[in-house]
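Note that subunit A is present in both complexes that follow, paired respectively with subunit B and with subunit C.
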Partner chain A sequence: MAAASTAAAGADTSFRFPREYSFPAFFTRQTNLTTHHAQLSKWSALVLAYARHHRIFRLGLSAAADSDLFYNRRLDRRLGMPDIRELLDFMKRDGRIEYASGGGGDGAGGGEGEVVFVYWRKPEEWARKIEKYVEETGQKGGVLTVYELGQGEGTRGTEIHGIDNEVLLKALNVLVRKGRAQIFGQDDSQGVKFF
Partner chain B sequence: MFLKHIDLTTALRPFYLPDEVLLFVQDNVGLYEGKFKLPNYQNGQVYLTTHRICYVDKEDPRSYSVALELKEVDRYEFYAGFFKSSAKITLIPKPPKRSSVLPSSVSGASHQRNGSSLSRSDSPRSNPEQSPATSATWVCTICSFSNPVPSNFDPVTANAHTPLPPCLACGIKPTLAHVLKAAISGANNRAMNTPSFTSSYPSLDQSGVTPRPLSENLSLDLASSPQTPQNDGESTFQCPRCTFSNHPSLLSCEICGAPLISRKQSPPDAKSSLNDIRSESPGPVIENPKKTEQGSINVSESVKISFRKGGEKIFYERLKGSMTQRKWLLQDAPPAPTRSRLADEDPSTSSPGRSGKKAAGIAGLEQLGLNMRKNNELIIGSAFEDLEALMASAKDVVALAERLSRQNSSGADAMSAEENRLLAESASQLGLITTKDIVGGGGSSQSLYLSELSRNVAEFLTDDSRGVLKQAGGIITLVDLWAKFNRARGGVELVSPMDFEKAARMWEELKLPVRLRTFRSGVMVVQGLDRTDQATIKALLAWLKDLHEFPPEKEVPWDWQQFGMGVTAQETADRFGWSLGVAEEELLMAEEHGAVCREEGLEGLKFWVNYIDMGDVKPAKSQAQRDQEAIVKALKKSGMI
Partner chain C sequence: MSRKGVGIGAFDRSRLTSAHFASHGSNLRASNAEALSTQLSVFRSLLQQFAQTHAKDIRSDPSFRAQFARMCSVIGVDPLASSHTEGGSTGGGLWAQLLGESVNDFYFELAVRVVEVCGVTRGENGGLIGLAELTERVSKGRMEGSSEISEDDVRRAVETLKPLGGSYAVLQVGKKEYIRSVPRELSGDQRAVVEAVQVLGYVSVGMLRDNLGWETARCKTVIDDLMSEGMLWVDKQTKGEWEYWSPSFMVDTDGAVKEGE
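Showing the complex of A and B:
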């Protein structure tokens, strides 16, 4: 699983779940609209914090349902699949997740059913980070490969390092739309030029 | 005659005296003094009971409610109404100080000799109303001083053993015959002097208003008081169309079929008819009635009750009945004389009884029990001896029955004891229930029946001694209440569910202290007026808070000091004494208010303190709001604001 592999890198300290995570009623869909909204907001915050902590970029739904994100083993309470979908829809409206178009990316998501990108940073925010990095390292006007940006030695130590390829491309496309960069080349060896 | 201010129950009905029985209710009536209308007493309900006529104002019942004691009424007249003038019943008060009237006394005496002289012979009791008969004098044979005949001297009952006071001047006792003669001649003179009195009783010589010895009243009433006087020429109703004199219990004319209960102006729809029933009438209004203390009105002339919405005929009939029965005499009456059998047994039982008092320990207790059983046996035995005695000792028998039922139920479990108590005490309530019979029949009085029923139920609910509402934790489902209410009625005159619901819906309109409330699920409950959702939520939260303090019974994986426990509807029902349905609805209500949140698990639906929405999450902003904020921000940045 792609998420797990990327997670391994950052999981040096264990994630501290919020208070609600140990509250049994948190795992039941609330019927009161206000309460339900609060519940979704808190779940959303929890998912993002969890993803950020473990540096998860893509989340396989069925695998995540059994992970301790949605399944509190100590309480023996879990968030049901319909509720997870509802939560994801809620987050999607906020622009915090995006459904991966079936089997795209590095192909890891294909076998696990639905996969979503978790934007604990939105592509626009990533774009700003990349731009800043390019500026700081004086590579404006130069050409970088996409691989270099994501996995290369140059970005090691920055937040960009280890970014999911598709998320990276989305961020770069934001820059392209702004006219700050241009992407060229083939699928495997894409290059990007910053202006 | 006084129109006394009366106290009303929580349901805005008159408080009844002990033994008072409601006979008839009619709404839309007004009061007159003589020919003049009494202001503020022109639209209300009139309650006819065995003792009184009560008027309860519709607009301001607490200030304008009066009662008129039937015992102050001398006679009553019926006026059928003419064109725009509504039907009226005139009540003419007794003259302030009336002395006894001999002819009626004598006729009473002859009656009494024929009838019930046996029961009275050994109990010389004088009629309190005869006491003013002091005008008769006897002349002392020794010193020829004119002495008054003693006030308690009754020529009918006097015998050789009647104590006679001596002459005031010389102190010599007169002979009985002498005083008797003087008393009778004195009374004869009086009767001759005031012929108007006797002539003013055209048809009431038998049934009427003349004072008679008490016990004779009892026996007479019991013997000759049919519920509806049948052969009385006066009681027939003249048909408004064909003038045929119908039997009073008929609702429509025997000859032409015209309705006899005069509701010509009221179409079947009660709501719309209310509007065109006039509460105004062209009669003159009295300017300032002689108010005495607090809301009571001193009426020197007659009082008229104007029936603007019909019902006068039934009222008249029932009034006639209650004037004949004169139940108010029973109220002041001493308890029924203990049977002579008791007196016979007395000497024989008295000595062991006295020794029993001295006996101590178990023997004493047993003696006490024995005496009590004997006494009970005596009450039951004498009660059923004949109907008259049964009526007289009804109070004792009811009290005994209640005591027995309490003894019986003391062994059973608490619940059934409670129910038995309810059943036993409902007996006393039987007399005061609203029935369709009490309010006039016919279409438009349906709403009156419902409003009376509504008041009745409200009283039933708020009655402290019964505590129906309190027992149910201040809230009870309508169905439960319906069952309880019908049970309290003792299986007679049961209320249909439809009427019951309609009556419950009228509480708000009638400004009664209970309310019908419908939950979102459609469950209808009854609760006090002061009960609000906020108070309920407060109570629920306080309870849930307590669960943070006390460790749960079994190990729980979560931090119970932080989150407390989830509660089910069942637990809530147990805690607050609610029924399960009510508990469920209240929890859902609290959830709706955001005070609690739910948890669906294997153990069912549980409710928790709402730790999800602690107010730290901002409510969702609409797109428009967000846009607006963005604009404001941009403007601020550019220095426009």
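Showing the complex of A and C:
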């Protein structure tokens, strides 16, 4: 995953870090409760903006700790792993991240809890996007494969294109729960029917 | 040897002269006051005229606006006071006429933005924000095309909050002006540290000890106080002593930090 995210970073215009990123004390856990809360909010906003910019859907913790997101090499300041975990717990409470079970499947993460989904859009928000897309393209009542939705030509140019497969499934499941869609088929060739 | 003033008549005479002097004096004073008040009213009407002819400049140019406000306050005219036009026909004060028709307007609107920004940033700065930073943040939140805002405008907006009895005040510490939005006075020692922080953006116990000649314990106490009020952030990733940073340096030296590296 680290490779994928760096590739994306290279292709995009560079991310503009917020000013607190140049503030050395931003990388040390603050002892004052109020200050600490402000610090967590700022970090949370930074992680989401960063992930949105690079379209990062999952973050490998150990790789991220060494990336410029958490490691400001110019200042020689970094957010330590315990602080990153605390930040992720904070974001989890907001529904902004979720620990991926099974380490993300690509072996990069290693053990459990090493990869997180970063929800710069929550699954519910993606669900709304997908529903809108289906409606606008007149495919309501029709059947699409999951692959088509995420990688197919049809969604090219929309935000859905290139979405992480697991995030896509989470979004589709939101629609299933609402009775707006139905998923069927095997792991590799799942299809969705929209109502 | 003068024979003047001998006898009982002399008492009368001196009483008379002092009465003359008194009445003459009060006459003079009255006419003086009258002249002054005419002058002042002439001046006011001129000022109003001036304000009307230059309304556009006052509206659009913050430095011109500041100059104008300064001139007003020198003459003792408060352009914000709504009662200043005694005629009553115009009402609403000079600024009101100049800066927007739905009065209580420009500065009050600005004051609302000031309160918002102070509220949002209180967590990170403990309720003490640099005037420059505040001005920048307030300007950023405004709609495209609205007129520019100067520090002077913000200072004036903060003044309008005073009657509300809130804790908002302009605070001068060292060379820098701050807006305080918490009802807390800085102690002498705290002021000294806030001032010291302005130099490099941070202080350490050692820096305070060497530069202010304080005992280590005293340095630690003041830093702890400011930390507990949220006015300093600690950086523990230094090679040596911990450094305590002013949150206003998240903004002010954005460029300077870069250059320093």
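In the analysis below, the second predicted complex is superposed on the first by the 176 of 195 C-alpha atoms of A that agree within 3 Å, B and C clash if a C-alpha of one lies under 4 Å from a C-alpha of the other, contacts with A are read in each partner's own complex, and residues count from 1 in each chain.
Note that in this section a contact is a pair of C-beta atoms (placed from the backbone, for glycine too) under 8 Å apart; a residue touches a chain by one contact, two chains touch by 3 or more.
None of these values were measured; they are calculated from a predicted model.
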Room on subunit A for both subunit B and subunit C (clash or fit): clash
Partner chain in contact with A:Glu20 - subunit B first, subunit C second, else both or neither: both
Partner chain in contact with A:Lys42 - subunit B first, subunit C second, else both or neither: both
Which of subunit B and subunit C A:Arg180 touches, first, second, both or neither: neither
First (subunit B), second (subunit C), both or neither touched by A:Arg78: second
Partner chain in contact with A:Thr34 - subunit B first, subunit C second, else both or neither: both
Which of subunit B and subunit C A:His53 touches, first, second, both or neither: neither
Steric overlap of subunit B with subunit C in the superposed model, located at which of 494-502, 530-538 or 620-628: 530-538
Common ground on subunit A, meaning residues reached by subunit C in one complex and by subunit B in the other: 19-20, 22-28, 30-32, 34-35, 37-39, 41-42, 74-77
Subunit B-facing residues of subunit A, complex: 19-20, 22-28, 30-32, 34-35, 37-39, 41-42, 74-77
Subunit B residues within the subunit A interface of the complex: 557-559, 562-563, 566, 591-592, 594, 597-601, 606, 608, 610-614, 617, 619-620
In the complex with subunit C, residue positions of subunit A that touch it: 19-20, 22-28, 30-32, 34-35, 37-39, 41-42, 74-78
Residue ranges of subunit C in contact with subunit A within the complex: 122-124, 126, 202, 227-230, 233-238, 243-245, 247, 249-251, 254, 257-258, 261
